[in-house]
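Each chain gets a letter, A, B, C and D, in the order it is written, and its residues are counted from 1.
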Amino acid sequence: MATDHELRLRERLARLRSVNLLGGARLSAEVEKLQRQLERLAEETTDEDIWRAVELARHQDRPYTLDYVERLLDDWFELRGDRGRADDHAIVAGLGRFEGRTVALVGQQKGRDIKDRIDRNFGSAHPEGYRKAMRVMELANRHDFPLITLVDTPGAYPGVAAEQHGQGGAIARSHALMARLEIPTVACIIGEGGSGGASALALTDRVLMQENAIYSVISPEGCAAILWRDAGEAKKAAAAFKPDALHCLELGVVDGIVPEPEGGAHTDPDEAARLLGDAIRESLEELEPVPADELKRRRRARFRSLGVFA
Amino acid sequence: MATDHELRLRERLARLRSVNLLGGARLSAEVEKLQRQLERLAEETTDEDIWRAVELARHQDRPYTLDYVERLLDDWFELRGDRGRADDHAIVAGLGRFEGRTVALVGQQKGRDIKDRIDRNFGSAHPEGYRKAMRVMELANRHDFPLITLVDTPGAYPGVAAEQHGQGGAIARSHALMARLEIPTVACIIGEGGSGGASALALTDRVLMQENAIYSVISPEGCAAILWRDAGEAKKAAAAFKPDALHCLELGVVDGIVPEPEGGAHTDPDEAARLLGDAIRESLEELEPVPADELKRRRRARFRSLGVFA
Amino acid sequence: MSSSRIDVSIEHRDAPEPQGTKHPNTCPQCDSHYRDDELERTLWVCPHCGHHFPMKARARIASLVDEGSFVEEAADLRSEDPLGFFDLRPYTDRLAEAELKTGLGEAMVIGHATVDTTACEVSVMDFSFMGGSMGSVVGEKFSRACDSAAERGVPLVSVSASGGARMQEGILALMQLPKTVAAVEDLKDAGGALISVIAHPTTGGVLASFASLGDVVLAEPNALMSFAGPRVVQQTTREKLPDDFGRSESNYRFGHIDKVVPRSELRANVARLLRLLSKNGD
Amino acid sequence: MSSSRIDVSIEHRDAPEPQGTKHPNTCPQCDSHYRDDELERTLWVCPHCGHHFPMKARARIASLVDEGSFVEEAADLRSEDPLGFFDLRPYTDRLAEAELKTGLGEAMVIGHATVDTTACEVSVMDFSFMGGSMGSVVGEKFSRACDSAAERGVPLVSVSASGGARMQEGILALMQLPKTVAAVEDLKDAGGALISVIAHPTTGGVLASFASLGDVVLAEPNALMSFAGPRVVQQTTREKLPDDFGRSESNYRFGHIDKVVPRSELRANVARLLRLLSKNGD
C-alpha cells in the first residue's frame, strides 16, 4: 500500500500532468522533479502490494457503479436497451446532474447478492451492452453533455451468443465512437479493468484510476493459465504484468490516481464517492473550456502516444 | 395506360419541376402550363389503369434490384450484414461504379424462383435489413459516394422476431439517417413501394418512380380488408387510394416518372435499365454541384412540404 | 371540402354530454364498471386492477402540465380530402363525425406549457379521433411542434396513440413518416430534445417515425407498441404469438424503451427528464 | 533491452533454410503432406481439400501486390520490454527467438504498394511471430500505416492474423486497442478507407479494434474470427459449441463480414475494392 505521502505526491503529479497536457511545457520542471520521486517510490511497490490491489479491486463489498451514481448524481434517470435486441444489465447508462450540469454516465455494474450478480452477469457485458453504451454516448454528444464512464468488469463475456452477436466488433466500435465524441469525457477504473471490455469504455480525455483498482490486458488467472500453464499462478502473473494503479500511472496509461479511504473503498463508500467526485469535478473543469475539436484531437493524440518501442 | 404523348409531357414536367426546385421560379410559367395539361390527363386515369399498374408492379417477370445493378453498375461489390445479428437477403446493398463514379446502392430484392423468393423473404425486410442499409448509407456518406436506392417491397415483414428486434424503430431510424446524409441521394420506386418499409429507403433528394410502379400507404388487399372488410375488394381500394405513378407525381410525392418499355419493364429489361439509368444520371448531375448542407436542407424541406390541409 | 370542418365554437355544444350518472366504462381486464368522473380522478386507471384506459388528448395534457400553462398551437388546422376518398362512406363524413364525437379538430393537439415549472412543447395524440391515425394534419402539427420547440429552445414531449397512417389520405399519409422524421432531425440539429411517451396503442407509421426517435422513450404499462398489429402478424406467419406480443414490457425487455411508467408517475418522470434535457443555464 | 533486437542484415542468414526436400507441412483437414515449394505455388492452399494454411507476411504481400511495388515502412521498429516481463522465460528471449525464427522484426509488416496498378497502403500480420500478438510495435506500425495511407490519399489494406494482445507488454498491449482505433478514426476523418481482411486466426484485441473497423471486411474461408477463443468460451459457459463456432462462414451468416473470399480470389477482390474506394479522379 502506498503511504499518504506517496498518494499526495502522485495525486499532485497526476494533476500537474493534466495541466501540462493542456498548458504546454510550463510546469515540466516540477513534473520532472515529482516524476523522479515517484519512480523511486514505484520501485518499492512489492508483489504483495500488487496482489492486495487485485483482491481489493474484486472485494465483494467494493462500491459498484450504481453506488457511486447514487452518491454523486442528482435526478439520475437510467436509460435502457440497445434499440435492437436487448437491455444488457451488465452495463448501466443514464443521465443525471453532476454538480449542476447534466452528464451522461455509463459503466459496468456487478451484482451485490447472487441473484443480482447473475442478473448483471458479474459485470461481463454482451455486445448489446456496448451497443446500449454507444447509444447513450451518442445522445450525450448530441446534447453536449459531458460523459463519465466507470469501468468495472472482469472482461466482456465470452459466450456463444456474445460471439454470434459480434462481441469483437461491438468493442471495436465502442472505442471508435469514443474517439469521435465532441464532448468532455472522463473515465475512472473503479474495480477490475479487464481487457478490451474495459478499454471499450475508457477511450476518454482523462483516464483516472482508483488507488486499489486494477487495469490489465488479461486477468491474472488467464495470464497464468496461458504463460505458466497453471491458473493457480495468478499472483505470479499479476506481479509480472503489474495491473496496479501506480504502474498504470507510471506508464502513462492513466492520468491520475483517485485515493480511496484507508483500507479500501469498501470501508467507507461515502468517502470513496467524495474522493471520486472531487477527481471527476477537477477533470471536467479542466476539459470544459476546451473546444470540441481540440478535445477530440488531443484525446486521439493521447492514446496514439501509448506504447514503448525502439 | 398513358400514351406516349402523355409520358413525354410528364417526363418534361418532372424535369422542369426538378430544375425549378433547384433554380427558383424561372421556369414556373412553363411548369404551370404543363401542370394544367397534366391535370386534364390525370382525370382520365381510369380505375383500370390503376389496377393494371398494380399488376405490372407485381409482375413475376418484372426486373428486380439486382437486374438493374447488373445492367447499370460496373465493379459491383455487394456488402453484407448489419454487423450485429444477420445478413437480411430481402435488402441488397453494395458499391459499384455508375458511369465512372463510385456509388452506393441499396434496394429491396425479391426472388425469381420459389427458393430464391423464400431466401429473399419476398422482398420483405426484417429490422436487420434496414440496419444493413443504414450501415452502407453511412459508409457512402463518409466517402462522399452518391446513394441510389431502388424500392421494391410489399412492406416490411410483419413477424414476431421482426417486432422483437425493433421493426418500427429500425424503419424510423432509416428515415432519420437519410434525412442527415450529406451526399446526393436518388430513390426510384421500381415495383411495389409498400408502406413504411418502402419510404424508409426513399427519403432522398430526388424520388423517381417507374411508370408502372406503385407507391402506397398500405397494400390494396390490406386496405380493402380494413375499410371494406373484404380483401377481395383490392381493386376498389386501389382505385380509391391511387397508388399509381401519375397520381404520386400529381401530389408532389415523386419528382419524376421513369418511362418503361411498351407493355412494362419486364418486356425488355435492358431497355428498362437504360431508361432508369438515364433518369438516375440526370438526377445525379443536377445534385452533384449542390453543397452538402444545402442538399440536406432542401431534402428536408421537400418532405416537410408534403401534405394537404387547410 | 369545407364540409369536413366544424366550427370550433360549436364543437363543445355538439360533443356528447358527460355521462355522469351512468357507468359506461367497463375495465377490459377485471370487468369493473366506472363512471367517467370516477376514472377522471384516477387518471383513467382502473382503481381495482391498474388497467390503463385510453386517455383523451385534453385530459392527458391536463394530467401532465402545470395548470393553466398550456397554450394550444395550430388548433385550426383541418384535413382536406386530397383523393376524394370514399370507402363505405366518404372520408369527409368520417372527419366530421370524428370532430363531433371528440370535440377535436384532429387526432393530435400541440402547444407549449410548463411541467413542474420547466418549459416544454407538447404534442398529444387522441386515439378516439379516427384511431389516432396520422394524415397530413397530424404530420403538420407534429412538425410545427418540433419547430416551436426548437425556436423556444425547449424539449418536445410527445404522447403517441395511433393505429398508424391514415389510409384515406393515401400516399400523402405515408409521406407523413419522412415528414415528421425530417422535423425531428431539424429539432435535433437545433440542439433540441424529444421525449417520446408511448400510450396504447402506438403502431404502424407513428411507431415507424417520430415515436421511435425520442432521446428517451417511455411507455405506459401494457401499451401495444408494434409496427404490425398482432392480427396481421398472426395471419402472415401463422405463429402463435407470445402473450405479451408487442406490449411495453416486451419492448422493454428487447431494448426498445427506457422505462415502463405507470400513468400516476408519468408527470414526475417527464419533469425529471425535462430538467435533465433542458439546455443548461436556461 | 537492446538484446531484443536483431540486426536486419543478419536476419535472413539466421532464418531457417527453406526445407525444399522434405514434406514438413501436413494438412490438418485431409492429412496430405506438402513441401514448402509445393504450397508456395498454390498460395498455401491445400490442392487436395482447399484448406488455407497460415501465410507468412512476406508471402502474403507478394501474393497481393504488384510485383516489385512494395516499399516497406517502419521496418526497424523493435519491441522494448517495458515491464521486464519474465514468465517461464524472459520476454526479450521470446522476441529474439521470434525474430530468428521468422526473419521478421515484429508480427506486422507495413508499406505502400500497388494492386493492379491502384496505389494503396498495406499492413500484414504474421501469426508465426509470437502468435501474431499485438504489442506496442504492432500498434505503432498499424497507426503509421493509417497515417501513410491518409497522407498519400490511398486506402489501407489490412490483413490480420493474431491471437490477441501481447500479454508480455501488460497494460500497454491493451492500450494498442484504443491506439489503433484512434489511428483508424484519423484515417477515416481524412477521407481514407480501410479494407480489412481476416485471416486465420483473428481473435482478441485485434478483432476488438482495427480488424473490425474496415469499411469492408473480407475473410478467408474457415478462418477463426472471435473475440474469445473457443476454449475459453467452452470453459466459461460449459455450452456445446456449434461446429463452425467463430469461423468466417458463421460470422458471414451473422452479419459481421461482407464476403468470404478464397485466397485465390483475394487479390481480385481487393483490386476491385481499391478501384471503388480510391478517391474519384485520383
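Structure notes:
As a working rule, a contact is a pair of C-beta atoms (placed from the backbone, for glycine too) under 8 Å apart; a residue touches a chain by one contact, two chains touch by 3 or more.
Owing to the predicted nature of the structure, the values given are computational and were not obtained by experimental measurement.
Shared contact partners of chain B and chain C comprise A. Placing every chain at the mean of its C-alpha atoms, the farthest one from chain D is found to be C.
Between the chain pairs A-D and A-C, more C-beta pairs are in contact across A-D. Put simply, the C-alpha centre of chain A and that of chain D have 29 angstrom between them.
In whole angstrom, the spacing between the mean C-alpha positions of chain A and chain B is 48. One finds 54 Å separating the Cα centroids of chain C and chain D.
One finds 42 Å separating the Cα centroids of chain A and chain C.
Residues of chain C found to touch two or more other chains are 254-256. Multi-chain contact residues of chain A (touching two or more other chains) are listed as 83-85, 164-166, 169, 173. Of all possible chain pairs, those that touch are A-B, A-C, A-D, B-C, B-D.
Remark: chain B residues 83-85, 127, 131, 164-166, 169-170, 173 touch chain A in the complex.
Touching chain B in their complex are the following residues of chain D: 188, 191, 193, 215-216, 252-259, 269, 272-273, 275-277, 280.
Contact residues on chain B toward chain D in their complex (touch as defined above): 75, 77-87, 95-97, 100-102, 128, 132, 139, 142-144. Of all the residues in chain D, the ones that touch chain A in their complex are 1-2, 5, 77-80, 82-83, 85-88, 135-137, 139-140, 143, 165-179, 181-186, 203-205, 207-213, 225-228, 232-233, 236-237, 239, 241-242, 245-246, 250, 254-256.
Here chain B touches chain C in the complex through residues 156-160, 162-169, 171-173, 175-176, 178-180, 195-196, 198-200, 202-203, 215-218, 222-223, 226-228, 237, 240-243, 247-248, 251, 253, 299-300, 303-304, 306-310, going by the rule given at the top.
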